[in-house]
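Order of writing sets the labels: A, B, C, D, E, F, G and H. Residues in every chain begin at 1.
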Amino acid sequence: MLIASRSKLLFIGDSITDCGRKRPVAEGLFDPLGNGYVAQVNALLNASYPDRPVRVVNTGCSGNTVRDLKARWQTDVLDLKPDWLSIMIGTNDVWRQFDMPLFPEVAVTPEEYEQTLDALAGTTKPLLKGLVLMTPFYLEPQPTDAMRARMDQYGRIVMAVAKKHGAIAVDTQAAFDRALKHQHSSNLSWDRVHPNSIGHMILARAFLDAVGFVWSPVRREKA
Amino acid sequence: MLIASRSKLLFIGDSITDCGRKRPVAEGLFDPLGNGYVAQVNALLNASYPDRPVRVVNTGCSGNTVRDLKARWQTDVLDLKPDWLSIMIGTNDVWRQFDMPLFPEVAVTPEEYEQTLDALAGTTKPLLKGLVLMTPFYLEPQPTDAMRARMDQYGRIVMAVAKKHGAIAVDTQAAFDRALKHQHSSNLSWDRVHPNSIGHMILARAFLDAVGFVWSPVRREKA
Amino acid sequence: MLIASRSKLLFIGDSITDCGRKRPVAEGLFDPLGNGYVAQVNALLNASYPDRPVRVVNTGCSGNTVRDLKARWQTDVLDLKPDWLSIMIGTNDVWRQFDMPLFPEVAVTPEEYEQTLDALAGTTKPLLKGLVLMTPFYLEPQPTDAMRARMDQYGRIVMAVAKKHGAIAVDTQAAFDRALKHQHSSNLSWDRVHPNSIGHMILARAFLDAVGFVWSPVRREKA
Amino acid sequence: MLIASRSKLLFIGDSITDCGRKRPVAEGLFDPLGNGYVAQVNALLNASYPDRPVRVVNTGCSGNTVRDLKARWQTDVLDLKPDWLSIMIGTNDVWRQFDMPLFPEVAVTPEEYEQTLDALAGTTKPLLKGLVLMTPFYLEPQPTDAMRARMDQYGRIVMAVAKKHGAIAVDTQAAFDRALKHQHSSNLSWDRVHPNSIGHMILARAFLDAVGFVWSPVRREKA
Amino acid sequence: MLIASRSKLLFIGDSITDCGRKRPVAEGLFDPLGNGYVAQVNALLNASYPDRPVRVVNTGCSGNTVRDLKARWQTDVLDLKPDWLSIMIGTNDVWRQFDMPLFPEVAVTPEEYEQTLDALAGTTKPLLKGLVLMTPFYLEPQPTDAMRARMDQYGRIVMAVAKKHGAIAVDTQAAFDRALKHQHSSNLSWDRVHPNSIGHMILARAFLDAVGFVWSPVRREKA
Amino acid sequence: MLIASRSKLLFIGDSITDCGRKRPVAEGLFDPLGNGYVAQVNALLNASYPDRPVRVVNTGCSGNTVRDLKARWQTDVLDLKPDWLSIMIGTNDVWRQFDMPLFPEVAVTPEEYEQTLDALAGTTKPLLKGLVLMTPFYLEPQPTDAMRARMDQYGRIVMAVAKKHGAIAVDTQAAFDRALKHQHSSNLSWDRVHPNSIGHMILARAFLDAVGFVWSPVRREKA
Amino acid sequence: MLIASRSKLLFIGDSITDCGRKRPVAEGLFDPLGNGYVAQVNALLNASYPDRPVRVVNTGCSGNTVRDLKARWQTDVLDLKPDWLSIMIGTNDVWRQFDMPLFPEVAVTPEEYEQTLDALAGTTKPLLKGLVLMTPFYLEPQPTDAMRARMDQYGRIVMAVAKKHGAIAVDTQAAFDRALKHQHSSNLSWDRVHPNSIGHMILARAFLDAVGFVWSPVRREKA
Amino acid sequence: MLIASRSKLLFIGDSITDCGRKRPVAEGLFDPLGNGYVAQVNALLNASYPDRPVRVVNTGCSGNTVRDLKARWQTDVLDLKPDWLSIMIGTNDVWRQFDMPLFPEVAVTPEEYEQTLDALAGTTKPLLKGLVLMTPFYLEPQPTDAMRARMDQYGRIVMAVAKKHGAIAVDTQAAFDRALKHQHSSNLSWDRVHPNSIGHMILARAFLDAVGFVWSPVRREKA
């Protein structure tokens, strides 16, 4: 596994990362990480590797766009001095273009999105042992849906930024698309944006596979 | 307008009709009709025709399928002795096939849906001055979506049952499709099922147009 | 319709405008406009003209007099840069003269009322595409009632200010008086001040008729 | 004073009597009588005549008409074996004719009102040491108001029933009319039906004067 | 009656005056005066003299001693510019000597009590149309009780201060002692300090008698 | 100590025993015994004699008189099969004679009190390993107070019943009187009935001394 | 994986299984399975095998012993007709022997435990496609702890019953012991009984490994 | 007893001292001291020595380490000017090393613990009439448990600091160990850290024995 023992692994993002986490910074006793993929990653990492514990921290905030991340980057990322950082952002940047078409000031254009994400990744990467960029996603399988098409555009930006800075990229949309071949989106999400616990586990699996997680490390090491 | 002065007009259906109405029967003082299309119809009818008041009643129940309507038909329709009755049902009959694919017992097949609706309409129509059947709808514009295709099938059943029994049919899906030409579904609904207040007004307008509502009855009568 | 597509339409006033709206500024997702005439206007405008959306904003505050409007005019009107503005104020200016006769400091005299409203309308009108002044009203049909007589006096001030500044005037009292010919005031309001949903729709209709709203714009355009 | 020491004095009526009293029967410790005229009568009687205590009981119920009183007469009057009984009923009997004009089943006609009140008074009077009948009232000074005119009609029925059975009659409307000469109704009541604490004291005074209450009994006895 | 029409009458004191009044200053609509003697005085004054209304204000605060009154005298008395002022203080000054014998810093000695009350009365009296000083009281009839004896000492201070400054003195202890001849203290108070509604009416009567209140002013004027 | 290891010791009584205990029967985990003397006895017994644990049970009920105990004796005493039983009752039997003088039906006369307590003690004593009767008390030191005099009468009845049946008597009034020599009653109780935690410890000490409790059993056994 | 597509998999047990699940039967929409290992198993199974969905049901109840399971076996197991059943019980059977040593009636002896579990497993196994028996556990690593030793005894009973009936056995204690080699028990549980989310994932992993779960089924099938 | 009459005795510590005490400083009326050993000490001292009252104050704070005590020492100890001071701290200093092994910043090392406690005791002792240092404890009887071994190390530091400064030392661990010979730790504590009421009484007894408390001072003085 890529993440070393006793590392601090920070997740930042929007409501999909937040999931009811404790404030101001979620970490420590009494399962403060919320009930989404961050908590699942924490449980899977530490239950599978009891000899290599990882300190998981969550600073996701519901409703955030990349513009909001930038505004709180100092306090919610840099001040916490993570070893590893995972960013998943973009859903609201896109969604506001469709559910609030008369409020252009709250959406984020592709240009601003790319520029901001690039700057955050570029300045932070050198301070980290590892950076993970997860694409935003939309639980709508038909590529002709206008919002899905736009989300794919933002996903491609994430992949490009990751490549540019040598970050690990996680294509969450691809992970969901594999599941959507077998079931309707309403089986995974109420609103095609917020996954249920199964959908969150799809995210957790995508993240873990990207960082070299092994379900049975002992057996692997034996082999 | 088709509905005579001092008529009792009863709406029954699922959560889209319910909208937080008062229990057990919503009618009377303090705006008990919920915050959906039923309340809007009540306000528009009585504000536009102050000389021809209509008594609006709401017995919609969240989560109901046509099977649930049948089970409470005696107490929630017949015992209330309405002059006019409006039924809008079918969303959950279809939805459960997609968001709970492992629970076939909670969904309603097209056969059961048609048979039940037909029986309710057939036995009740003779007791009424007017019967309105509103189709269920899905705020998904792409006809290739599996759930939209299924919903259209149920909508066609409603239109056929209405024709068979001489009821007024309201094609709500068509009304929404006209709006969806100009905006994304997320501008009208959080989950493509429950409309916001604009979406509810599309329902109210479709109902009112079907019963001969005129925005300015006085001027019309003058003309 | 007079209000152009994608306009921002701001309503300000007292509790009749407020109706439980969200704070600090009510606009955007999740039906934040309260449950009164503002929400009804929003639903009717956007449901009837899906191709010409209007952004409706509500900054009404319960208990306000015109003196309170003046105090928050910068933040709650000017800073929001509306295209259209609707003002309905005066109920509390008058009411306090009758329900708190020993507290002259909380009521507003006709002189102060006229002077303040005139200044607000005069300085703001040039910044707008349209200004609507709605009279205050009292759901008491007998003109000999002391409070009704006083409210009529304030209504006449509104009409005169509107005329002076070329604003659209809405005589809400006349709209209610038409309904009160057919029913007792207690059928429209608990306290002769706060309308129920039918009374609010009377307000919404009066507003909409004044700005050229058409129930079926498509058919009209065809004709 | 007419009411003997250690008498049990029971008040029954609608919300004006209820005023948040404790359930099922309001009497005893911790001021359970509600915050209306019943509590004021209790305090005035027992504070003015500490040597002649009276046990005050309240079984008023919000929303009641005389039809409701009849339905609970056995448990809420007869079973409690009062020495004195005071009845004030009729507001809702009349009000429902005006605020719910489409619901004739919830209002009470003058005929039913008179017949029911007459029967209750006639059968109960022989079991009592004293019976007080208080008229219903409407805090609307203009006799041309339709609801005021109707309320006056019910008030006359109360006066006639009292006379027929030798009960003490309390003309509450006359008591309020004296106050309304000097102030607007909104200074005494939010909705012209439910008095504020000053209005309740007008009721308490009217009751007390009718039963021979003296503010300073000691001085009177000296004289 | 001594208090002129449209006077502002302010009550200040401890929990017996407070009684759950609204904050920061209790006056105006919706019965904000609490549920004690202040509310009773307000109701009796305004119901008995509808042609001579009085504006009653309550700034009592639970737990206060005369030291606390002094600390908030500017904001809670002087800034409010009353015409008449009533002060009832001293219960906590004494009580703390008995229920918190190890906390001498929270009690107030007779010397401090007299000096503070004298200063407040002396500087404020010239600004008023009338000043009423009500003694503190203890609902313990036996003069040998240590706390009753101490309370009597403070009551005598009040009487002396009133006399010195020409204020109206109200001997509340004497009023209660008359009632305690006929009943045990537990019939008037849970803890011998806080009266129930009957006990509060004893206070209200004592106050009203001191300011020349007449139960039936009309009849008196006729005579 | 008289109570053998692993005995079940049941306390029954009124609010002084209840003290917020858990329902229906208070015993077992999470300190369910309330916050009064019963909990203190439990903690002192089990902390002082860790090798001789006692199972303490509380079925006190606020407001109870001996008449209420009789009514629930089967379920709340006999069915629980205690080894030891402690009864402290009588406060409400007496109190109601003074705080509700017009409600003779809720008080209990000395005759009924004695007869009922005697019957309960007489029939239950043979089923027990030990019976403790605690007198009721009143935190009023002056024997001339009417309620104190009456409470002393009931206390004498308890002592006599205990003697008759060979039960252990606990004179709680005497225990409190010793403390009242040094402090005012308001230092031990808000209302002279319900003790604070210090007052409850006076009760606990009185009980424990009566059953042979020793603070330091180990040292005693050594000696 | 042993569990076939579209199987119904029911978990029953005590608070460790319950974890705040919905009542009366937890299954279906909105993540009703609680926040413990049952929810984790559900998420992992359905996220890893989207083409082979499993219907997971939870009827665990906090505080239950095997005696409680027996009492509700008909409604909470048999009536639900599961394909697969997992039982984890015994913690409370043992715990009550140590935290409530004076309440032998609430604990379950090894004899009763074995006999009851054996009967439930024996009669139910023939109705199932698969039965899983999970041992109880105690997060105390030292075998000399009295409660750990007792829990091991109950774990051995589970293993024996599983073997006798051909059920799949899951040794949860062994799974935890592996983790406890690397960390103190307080890192996994507040009270050595209820695991945190990491501890629950240890349970979920132990269950999943026992039923042939593969983290990456697709890749495996390719290989 | 060592503590003189009318002394102020302050307890400071962590959650075991806090126990839900009132904020900001717990002392005075209405049993504000929480429900732990501090309240028990208060009740036992004042109930046993009514002629020598002691003023007990509690400023314990849940979660505190010695580092937190240092930070609030001025406001929560020195400013309160106690005569006697009792400190019990260290549980969290140790616990965080085991339940949050990845958060070294929240634990306190033995070196920092000793240095801080020594400084607080050394500078404060001269200002006091008496200082009591209570060791932290862990309700785990096996000395080989890693956390118990660490806690014993901190306990030895407390004993050494007490000796150095002439403070009274209370070995709470020894007091608990005596009880744990006879029962499992789960009978005294849910989590081996927070005692139930019996465990708190073990603490109260240990404290009281150390300050010369006598259960029956009167009898002793007689002897």
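Going forward, contacts are C-beta pairs under 8 Å (C-beta built on N, C-alpha and C of every residue); 3 or more make two chains touch, one makes a residue touch a chain.
Since the model is a prediction, treat every value here as computed from it, not as a measurement.
Colleague: What is the set of chains touching both chain A and chain E?
Modeller: C, H
Colleague: Taking contacts as defined above, which has more of them, F-H or D-F?
Modeller: Between the chain pairs F-H and D-F, F-H carries more contacts.
Colleague: Between chain C and chain E, what is the separation of their C-alpha centroids in Å?
Modeller: 46
Colleague: Round to the nearest whole Å and give the separation of the Cα centres of chain A and chain B.
Modeller: So the centre of chain A lies 41 Å away from the centre of chain B.
Colleague: Counting only residues that touch at least 2 other chains, which ones in chain C make the list?
Modeller: Correct list: 53, 99-101, 183.
Colleague: Under the touch definition given earlier, write down the residues of chain E that touch chain C in their complex.
Modeller: These residues of chain E touch chain C: 6, 8, 27-29, 53-55.
Colleague: Help me check something: in the complex, which residues belonging to chain G touch chain H?
Modeller: Residues 95, 98-101, 142, 144-147, 183-184, 186-187, 190-192.
Colleague: Would you pull the chain C residues touching chain E in the complex into a rising list?
Modeller: 99-103, 106
Colleague: Which chain D residues qualify as touching chain E in the complex?
Modeller: Residues of chain D touching chain E: 30-31, 33, 35, 39-40, 42-44, 46-48, 50-51, 53, 178-179, 181-183, 196-202, 204-205, 209, 215-216.
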